[in-house]
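The following blocks contain the structures, represented as C-alpha cells.
Next come two complexes built around chain A: one with chain B, the other with chain C.
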Partner chain A sequence: MTTSYPDRQIEDLIDGKLPFSEIHKMLSSFKDPARFDQYVAIMQGRVPWEDTILLPYGVHLFIVQRPDGQRVVKCDCGHEFGDYRTNWKESALVKVRDSEASLLELYQTMTHCDPEWMELREFFCPGCVALLEVEALPPGYPLVFDFLPDLETFYRDWLGRELPH
Partner chain B sequence: MRMSTPTRTPKVLAIDAGGTMCDTFVIDADGEFVVGKAQTTPEDEANGFARSAADALRYWDMNVAEAFPTLVSGVYSGTAMLNRLLSRKGGRVGLLVTAGQEDYLLLERGIQTYLGYSYSDRLHVQTHVHNVPLVPRDRIHGIPERIDLFGKVAIPLYEDETRAAVERLVDDAVDAICVCLLHSYRNPAHERAVKRIAVEIMRARGVDVPIYLSSDLYPVRGDFARLNTVMIEAYAAAPSRGQMENVQASCEANGAHFDLRVMASHGGTISTKARELARTLASGPIGGVVGARHLGQLLGLKNIVCTDIGGTSFDLALITEGTYQIRSNPEIARFVLALPQVQVDSIGAGTGSFVRVNPTSNRIELGPDSAGANIGMCYLEGGIDTPSVTDCHIVLGYLDPNYFLGAEITLSRARAIEVVESRIARPLGLDVYQAAEGVIEILEDSLRNQVYSTIVGRGYSPRNFVCMSYGGGGPVHAAGYTRNLGFDDVLIPTWAAGFSAYGCSCADFEYRYDHSVAFPVSADLPDEQKQGLIARVNEQAEALKEKVRAEFRSNDVAEDQVQFELLFRVQYAGQLNDLEVGTGKSHLDDFSDIEAVIADFEDLYAKVYSLAARSPELGFLITTLVVAGRSDVEKPILPTRPCVGEIPSADARKGEREVYWRGEFLTAEIWNMEKIVPGNVIRGLAIIEAPSTTVVVPPDSLVELDEHMILHLRLRAASSGAKE
Partner chain C sequence: MKAVRTLETAASIGWNGTSLRAMLEANEEAFARTGRYAGVEALELKEREPILYEKIFSKLRGALVTARATAMNISASPIVKEIGELCFSVYTPEGDSIALSTGIIVHVHTMSDAIKYMIREDFENNPGIADGDIFINNDPHIGDVHNADVQTLVPIFHDDAIIGWAGGVTHEIDIGALTPGSVPVGPTSRFEDGIDVPALKCGANDTLFRDHELRCAKATRAPTFWKLDEKARIAGNHLIRRAVLELVEEIGLDTYKKAIREIIEEGRRSFLQRIKELTVPGRYRSTAFSTYGFSGEERLPAHARIDCIAHMPLEMTIERDGMLGLSMEGADKWGYHSMNCTPSGMQGAVWVVLSQLVVPNDKVNDGAYYGTRQYYPLGSWANPGDPSVSTGIAWLFLIPSFTSLVKHLSRAFQARGYLEDVIAPYGVTGNVFQGGGLDQYGAQSATTNFEFGCAGTGAGFCRDGLDFAAAVWNPEGDMGEVEIWETVEPFLYLGRRVKPNTAGPGKFRGGAGIESLKMAWNTPHYELQNINSGKAFENSGLWGGYPNATGYRKNLKRNNLAEVVAARKPYPVRDGDTAASEIDRCLTAELVQYDDHTVTLPHAFGERDLYLSVQNGGKGLGDPLERDPRSVAEDVATGFLSERFAKTTYGVVLTRANDDVDVDMEATAAERASMRATRRAEARPVSEWRKAQRERVLRGDMIEPVRRMYRSAMELSTAFADEFRAFHELPDDYTL
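Right after this comes the complex of A and B.
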C-alpha cells in the first residue's frame, strides 16, 4: 500500500489553499513515492513554454532541457538565465539594501540589521521582475551559489531512470 | 440491552451525549436497567436526549411522561461545550492581564502548538502550529502591576491604565471580561481592584457584562493554565449553560422533579447552576472510572484496573485502595487547564484504528487516526479508504457482519477480506487470515504493555488487581490484553457498552475547590509554628468550604447534608511533582493530622516512584489545599438474581461460526448475551453477542455470569477461581 494524492490536492498544496489540518496529515503520513513526477507534471502544465522540466529549482525557477541539448535555468515567465552550472544570480537584476533608509522600507525602527555588518540582496527576474531570492550577507561577500544539483545521479539513483537528452 | 420484570419504578437517569450518539441509561428501584440510543442533535441537545430516553424506556413499555415523575436523580454528560470550543463559536471575551504578558495566546507557552500529537509529530517542528486564539490580540490589554510569588505588592496597580483598558473593552462591546494577573492566587487584591474599577466604569456607561477573576474561580499556581481555564469558562462554559438548562427544562416538562447534575472532571457531579462549569468540559473518559469505583465498593474490590476500548482510543485508569488519582493540569482540546481531573491515560488505539503497512519498514502500524463512526472499509456507506481493526475482526469471524450494533448496520465480509488481503497481507507476503490475526496480536500486545507498565509504574503488581473491561470494544480483546498478566479476576459487566453513562449515574453530588498555597512542613518546626500552620490551613479551608456551601445552597441542599473532606497536595521541598493525599477529616485538630498526611504522602511517593527515591531531608511543602464537599444522591443498586446452574438454556445459543484462531479455523459457539442467566458457564472457543458489544472467549478459557450480571473471564484449567 503506497500513499498517493489526487492532482487537485497537490495543486492546492502548491497554491497554499490546503487547510493546515490537511497539510499536517500529509506531513505525518508515509511518503508518496510518485510525488516528484506528479509535481513536475503539474508545473509543466502551468508554464507557458514547451521545454522539459528536469528539476524545480526555486520559487519561479526550473532547470529545463532545451531542444538544442543545453540545460538551463529558466523562469516560469520564459526568461533564461543560462547553463545551470553557472550561478543564475550573476545575470539577475539585483537590489542591495545596505543603508538604514532602505532597510527601514521593510522593517520597523530598531528591528533591522546593522548595514555596516549585513546587507540584503534581492534578486529579480529580468523578464517578469518577480522576486526570486534574497541573500543576507556581510557587505563584500561574494554571491552565494545556492544549489548545483548532480542531475545525472539524481535521475539514475533516485528516480531509477536516465536523465532525458 | 434489556432485563424484564412486570412493574417498574425508574429511579436514576444518566445521559451521555457523545459526538455522534446520545446514550441514555435508566435504572429502576431493583437495580435493573435499560440503555437507549439516538443520534445526537448538536443544535438542540434536549431533543436528542428526549428521543434517546424514549428509546430506552420502550424496553419497559413505558413512555417518558410515565417514567420521569418517579426519577430521583439525573446526570448529564455532553460534548456541547467541547464543540463550542473546537468550532470557536464562543462568547466575545476581553482579557486583562499583567502588562508585558499580553501575548499569552500567541505564544501558548510553546507546548500548546503540539499538544495531542503523536510522538513523531512532536519531534518535527514543521507540524507544530498555533491554535486560533479564543480572544484576538486587540481585545487583550496589559495592566501595569506586579504581585510577587510571596503575595507582596512589588508594583502597585496603575488605576488610570486599568480604567483605559476597561473603557476599550467596553468600546469593543465584549460580553465578558476575564482578569488574570500574575500570582493572584497568593494575593487577589489587584484582581479585586480591577473588578471594582470595571464595575464603576460599566455602571457609569450603563453596561453590565460578567467579570471573571482567576483568583476567584481557579486560584491555583501556573498563570497560563489559570488564564486558559478562566477564559474557557467565559468563552464556552457560560454560553453552554443555557443548553444544559434546556435539557433540565425538557425533563421538567415531562414531569421530572430532580435537579439535573453534570459530570465534572474531578469525578463528582455538579449542578448546572455551578459557578465553575468549565470543569464539565474534561469529563469525557472518566464516567467509566467512577462507575468502576462504585461497582468495586459494592463488590468489595479495592484495586481495579479500568480498561475501556472505544472506537478511537484505549483509556486506562487505576483505582487503588478504593480511590483514583487526580491530576491537576489536564490537557483538553489543545488547552492546558488548571482543573482537577481523574487521572486517565489514553492511547490512540481502538477498534476503529486504521491499519497500514509502513512501506519503509514493511511493518504493520496502527493508528493513531481512526475510522471513528465510519467503522472500517467493511462498512460500505462509511466511505473509508483505509482498513481498520474492525475489518480484521470481521475477517477472523470475531464479529458477525450481519449483527453489528444489533443488526442496525450491515457490514461486508467480502469487502473486509478483499482490503485486508490487498492492503496488508500481500505487501507482507502473508495470507489474509494470518495478516488479520497479526494485526489483532499487535493491538493486544500494545494494550497489554500499556496495562502492565501503568500498574508496575505505580509500584503495584497485577496480582493485587482485578481488571474491569468495558466499552464497545473492551470485551472483544479482554482475554488478549490480560493474558499472562496474572490478574486476580477479569470482570466484564454485561452493560459494558453503556458503562460510561452508568458511571455518570454512580457519581457523588460533589464540589471540589483547590487553592494553591506554599506551606513548608518539617518535623522540627517549633510548636508555635505548628499551631500557626494548623490555624492557617483551617482558615483557608474554611474559605473553600464556604464556596462549596454556596454551591449547595443554590441547589437547596442543607449544610448538614454535606460531608466535607480536606485533601492536600504535597511534595518534597525542592522537587517539582506533587501528589494528592486525603485526610478523611473536614478540618485539622492538631499537628498529628499533618504528620499523618506527611506519612501518607511518603507511602504514596514510595509506591509511585520508589522507596529509595524518597527525599525527606529538606522537609515537605504543602502546595495545594483542597476541599471536597459531598451530598448523598440516589445511586444505582446492583441487581442480584439467583444463580441457576452452569448450562445455559437452549435458546441462548445462537448457533456456531468458523473463527480463525492461532493459525487454524475452529468452530466457535455463538451465544446471545441477553439470554444468558446467572450461574451459566460458557467455555471457549465461544463468542457472546449483545447488540453493542461482543465477548470473545478463547479455547483455553471460560466465562461465568455471576448473580450481579457480571461476566468473569478465567482460564479453563483454573476453574476453582484465580486466573493463571
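Right after this comes the complex of A and C.
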C-alpha cells in the first residue's frame, strides 16, 4: 500500500506544529510519492500570486512559471529575482557582518569568526526584507550559487510529465 | 581442517580455481561493462525466494550487530566501551561490503579499500592468505581515515576457497604519535603519525604473532587498551566468520555466493532509486573552511609555522539516472600539518552522511558506493598523492568539508516536499581534550576524551536541532560518563553544563553544545591540547540560519582554587556566558589563556590548573525574526540563550517576574518591525557591494592566510581560478 498523508498533516509539518513523535514516524516510513504535488499545491494556495510554482526553493523562495513563459525565482511576498539559471543573490539586498561589533549582536565574545578571516553575508528580499540566506566566507569570495535544478529532467524523466509552459 | 599455505605451496584461493586478483578484476570489468555490480542483471534469488533472501541478509546483519555488542564488552577503552567507536562488516572475497553493524560506519568502505589493496598487491602469493590468518591495517593511504582507527581483517574460507572477509575497526585512545592521543596535532609528516600497520599479516591460526603484540605494546602510551581492543576486533571477526559458515551450511554455498552478489547490486539500485525518490536533479554548491594558527609555534619545523584557512568547496550533481557526483574541484593544496585526508577517508566520510540522510536503514553496503562518482583533486588536502603526508587528525578537515553535503541534500529534500528530512549542517565535533603524561596511578598514559561525540545537531525545517546529541561520524554518539573519564585521566570534572549561546540562530535554532570545566589532579606532569573551530565558522546554516558559535580556549594555570576552597567560597563549575564568566567571577590565576587559538600543540598543566572544554552546537535554519517568541523565552529561561540575544538576534522583548520569563508580544512586534526597517536601511544592492569587493580584491587587501588560500586553490585548479577572475572581472594574469 502506498504511503500518503492528509493535507492537514503536511500543513502542520510546514508550520512546525507536528509533534516530533509524528515527524519521527514520517522519517521511519516509506516515502509518499505524491508529496511533491501535495506540497506544491498547499504552497500554491498560500502565496498571494497566480504564477505556477515549478519548484519550492527554500523557506520563502520558489521557481515559478510566469505567463510570459519566463521561469523566475520568486519570493512568497511577490518580489521576483529573475531567471532561475542566474544566481538570485545577484538581485538581492546584502548586509555584511565584518566587524566585531556586528558579530557580537549574534555571538558572545570569543565565539564568532575573526572578521579578517571570514565575514557573514546576509541576503535579504528587496520586497519583504526576509533573511533568505547567510553566507560564511572569507573576504573576496565570489557569491555561491547554491542550487541550480535541472527542471526539464526532473519533470520529464522523474515526474513523468512535461514541464508546464 | 584448516588450510595452511606457505609461499612454496601458494595456489589460487578464488572461486573455481581462479586467483583472488582475477576475481576482483573480473568484477571490476563487469561493472565497467554493464554498470551493474558484478554484472548482475536480475535479482533472481530475491525474486524467486524473497523470504530466504531477506533471511540471509538478516542473519548477516544480526551477526554483525552481535559481534559489535560482544566486542564492546571485551574492550576496556572508554572510547570503544562508552562511545561505541567500533564497527564490523562482512565482505565479498573481492572486498565489497555486503552488510555492516551499527557504529562508526565510515569504515565500511575504508576496510574495503584495504582488502582490495591486499588483493591488488598479490598477498595471495606473498605473504599468503589462509584460513586463520589475521591482517591489520591502519594506513589511510591504503584504506582508512587516520591511523588511530585500526582495522583487523580475517579471511573466511570454505574448504580451500575464500568466500569472504570479516572486518572490524576500533578507535584507539593513543596511537603513539609525536604528540599523545589519537588525533595528534603536531605531526607534519607521516613519519610522526605514530604506529603504522600498512595492511600486514599479523597472525595465523587465529593467533596474533607475538612479535606484533610486543612491538605494539612498546609503541603506544596506552598498551592495555590497545591489547584489549585487538582482542575485541578479533573476537568480533571470529563471531562473524562462524555465523557466515553456519549460514553457508544451512543454505548451501551456491546460494550464499548468489545472495551476496545480489545484495550489493540491490544496494546499488536502491541507492539510485532513493536519490530519485528524495531529490531533484541539478547542481548544488557550498564551501566549507577550517583554520589553524601555527605562525608563532617554534616547536614545529619552520616550513610548518603558518596560519591557515583551508578551502573546501563541494559541488554535488545529481544526474538523470540518480547517479550522485561529488567534486572538490578548487580545494587548496595539502600542507605540513596532520589534517590532510586521503581519498579513502573522504569516500568513507561520504557514507557517514549518505547513510544517515539518504539510506537510513539497515540495507547499506558497498552497492551505494557504486551509485556515486567522487573527485578529489590530486595534490589537494583531500588527495595529497604523497604517502609521506601526515593524516593524523584528518577529521579536522574532513568533518567541516561534508557540512556542505548536508546542505545540498537538504535543499533537495525541501524541493521535493520532504521537509521532515531537512536538516541544517551539524556542528564540528570539538573541543578535543587530548594529551598525556603521568596519570593518577603514576603510569605513563594518554587520553582522547570523546566527550565531543555529543555536538548539537543542525536545525530541521520545522523543529530545533537536538541538544548535545550526536557526532556526525557516529550516529550513536554519546558524551560518556564523567566518572569513566575520571578513571582514565588525572583530571576531575568541576562541572559539565549546557553551554549558552552555542546553537546557530535561526527560525529554528541548532542544537546546543555543552562545556566541561576540568581540574588537573594527582599528576606530576600532564600536557594537553585544544582542537576546535576558532578563527572562522566552518559553514553557514540554511535559508537564513546562522552558523553555530565557534569554540574558544580558556585555561587557568597556577590559579587560586585551593585558597577559594579553603575559604569555603564558591568555586566555578562552568564558564557560562563569556560576557559574565563564572570562572572570572570566582578565580584568579597567574596565567589565563583565553583566546581563539583553538588548535594547539600540547602544553603543560600543573596540579589544580583548570582546562575548559567547550563543545559545539549545530547550525540554524530560517530567518531568526520568524522564530516563535515563546521559544526564545524558553531558551532564556532554561539557560540556552543569554537574555541580551533575545532582542539583538531574535527581536524578542522579554518580561521577567521572579524566575519566570515571558514575552511582551506587542513590544516584540514593534521591535521586529524596527529591525526589518533597519535591514532595509542598512542593506544595499548586491551589485553595489560587488563593486567594492572587486576593488578590495584588486588591492589584495586581505590577511596572508586568506591570500594564501586563494593563491593555492587557483594554482591547483584552473576552473576555480577562472571562476574567481570572472566573478570579479579581473585580468587573466591576476593572482594573489
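Note that in this section the second predicted complex is superposed on the first by the 165 of 165 C-alpha atoms of A that agree within 3 Å, B and C clash if a C-alpha of one lies under 4 Å from a C-alpha of the other, contacts with A are read in each partner's own complex, and residues count from 1 in each chain.
The rule is simple: contacts are C-beta pairs under 8 Å (C-beta built on N, C-alpha and C of every residue); 3 or more make two chains touch, one makes a residue touch a chain.
Just so it is clear, the structure is predicted and the values come from calculations on it, not from any experiment.
J.: Now for A:Thr2: first (chain B), second (chain C), both, or neither, which partner does it touch?
T.: A:Thr2 contacts chain B only, not chain C.
J.: Going by the contact rule stated at the top, is it chain B or chain C that touches a larger number of residues on chain A?
T.: Larger number of chain A residues touched: C.
J.: Pick one for A:Gly160: touches chain B only (first), chain C only (second), both, or neither.
T.: Touch partners of A:Gly160: none, neither chain B nor chain C.
J.: Please report the chain A residues shared by its interface with chain B and its interface with chain C.
T.: Of chain A, residues 20, 27, 31, 33 contact chain B in one complex and chain C in the other.
J.: Which chain A residues qualify as touching chain B in the complex?
T.: Against chain B, chain A makes touches at 1-3, 20, 24, 27-28, 30-31, 33.
J.: Mind pulling up the chain A residues that touch chain C in the complex?
T.: Its residues touching chain C are 10, 13-18, 20, 23, 26-27, 31, 33, 35-36, 38-40, 55-60, 89-96, 105-114, 116-118, 120, 122-124, 126, 129-150, 153-154, 157-158.
J.: Tell me, which parts of chain B touch chain A in their complex?
T.: It is residues 118, 120-121, 124, 126-127, 129, 356-360, 422-424, 427 of chain B that touch chain A.
J.: Hey, which residues of chain C end up touching chain A in the complex?
T.: 276-278, 280-287, 289, 291, 309, 318, 320, 360, 407-408, 411, 414-421, 460-463, 500-502, 505, 507-508, 535-547, 549-552, 577-579, 594-596, 621-626, 628, 642, 645, 648-649, 676, 679-680, 682-687, 689, 693, 696-697, 701-703, 705-706, 709-710, 723-724, 727-728
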